[in-house]
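By written order: A, B and C. Residues from 1 in each chain.
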Amino acid sequence: MRANFKSYPPCNIYPTAIIGDDVSVGTFSEIGDGVVIGDRTRIGAMSFIPAGVTIGNDCFIGPRVTCTNDMYPPSPSKEDWQATVIQDGAALGAAVTVIPGVTIGKNALIGAGSVVICDIPEGEVWAGNPARVVKRSQ
Amino acid sequence: MRANFKSYPPCNIYPTAIIGDDVSVGTFSEIGDGVVIGDRTRIGAMSFIPAGVTIGNDCFIGPRVTCTNDMYPPSPSKEDWQATVIQDGAALGAAVTVIPGVTIGKNALIGAGSVVICDIPEGEVWAGNPARVVKRSQ
Amino acid sequence: MRANFKSYPPCNIYPTAIIGDDVSVGTFSEIGDGVVIGDRTRIGAMSFIPAGVTIGNDCFIGPRVTCTNDMYPPSPSKEDWQATVIQDGAALGAAVTVIPGVTIGKNALIGAGSVVICDIPEGEVWAGNPARVVKRSQ
């Protein structure tokens, strides 16, 4: 099972979430049904990570990050939900919102308060609503 | 009284809120003094619905939606607060913010992360900060 | 010590926070390590005020305001964090996000849902993502 897992209650962590080693989850966060979180990833306070989200290793999910799964809510069935993938080393700043179905590439950085509505390439910095590229990968 | 009401504690639901049948309210949400919520409406986790908000039937209020009532805070008196109306069937995506005094029309859909600063006509899709029309009603 | 301090549990208020008289903190808020809050300041529900933030007297911090301290998260050391200052009488609307290192001037007003990425002069009204000036000081 998960080693060195730390959470700051109250949190709402579904028992079906699959959480790696050395993960921390801040106060007032929700980690939903079947969410996958890799090793050494830190989830800030008040984050909302629902069913359908997969987060890699060494990610930083800032406080108040909101992920989603239902593009045209409310869908009649969970089969209409879309998966979101946050790859290894990605960092999402505070209060970022991510629409369903996108992939955020390895080591990408998303600025605070951004709304991500498309895939983000590896290593790039994006910010704004909607998020736009601020700095290309080197 | 309300039939089949479900909330996921901890929530802060004022006893003066008027809540219809078959309503659910997610974890870490606040439903304020005198808020009206219609039948079959679902309120996501971490939503903030303060005094002065009226929500119709069959609405979907996504996680982390923030409604407001005080346009130039802090007003000296609650009499300066403005009412917000969310009509039947409207859906507000995750992390939407609504300024005081607007009406969101029937079956309108507001994209995730949007900031609503004006009335939204029936059946339209709006998104952005400030929210702008994305798709007119058919 | 602090006189007439009011908080609405559950809140996560670090015991090292330095809080003035007649302060209130809403439900589901976090006030971090060493945060300074002046007299008569009100902090709304679900606000996130981390280490490194100083808030003056008579401020209004709306619900779901997110302050930050780490510009390129995750920094290897807290010494890389930047301080944020919110001066006397400033009002931050609901769901405002503030990036690290900025100063929000006296009696400034920040519109709901804004993302503040630069210093805000005294008495001005700013809004948007990124926040831009809406009304100059008179």
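The working rule: a residue touches a chain if its C-beta (ideal position, glycine included) is under 8 Å from a C-beta of that chain, and two chains touch if they have at least 3 such contacts.
Just so it is clear, the structure is predicted and the values come from calculations on it, not from any experiment.
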**OP:** Classify the chain contact graph as line, ring, star, complete or other.
**Re:** complete
Original post:
At the place where copies subunit A and subunit C touch, is the share of residue numbers found on both sides over half (same) or under half (different)?
Top reply: different
Original post:
Taking each chain's centre as its mean C-alpha position, how far apart are subunit A and subunit C in Å?
Top reply: 24
Original post:
Where does subunit C touch two or more other chains at once, residue-wise?
Top reply: 10, 28, 46, 64, 95, 129
Subject >> Interface residues, subunit B side, partner subunit A - complex >> reply: 8, 10, 26-28, 42, 45-46, 60, 62-64, 91, 93-95, 109, 111-114, 128-129
Original post:
In their shared complex, at which residues does subunit C touch subunit A?
Top reply: 10, 12, 28, 30, 46, 48, 50, 64, 66, 68, 72-74, 95, 97, 99, 115, 129-130
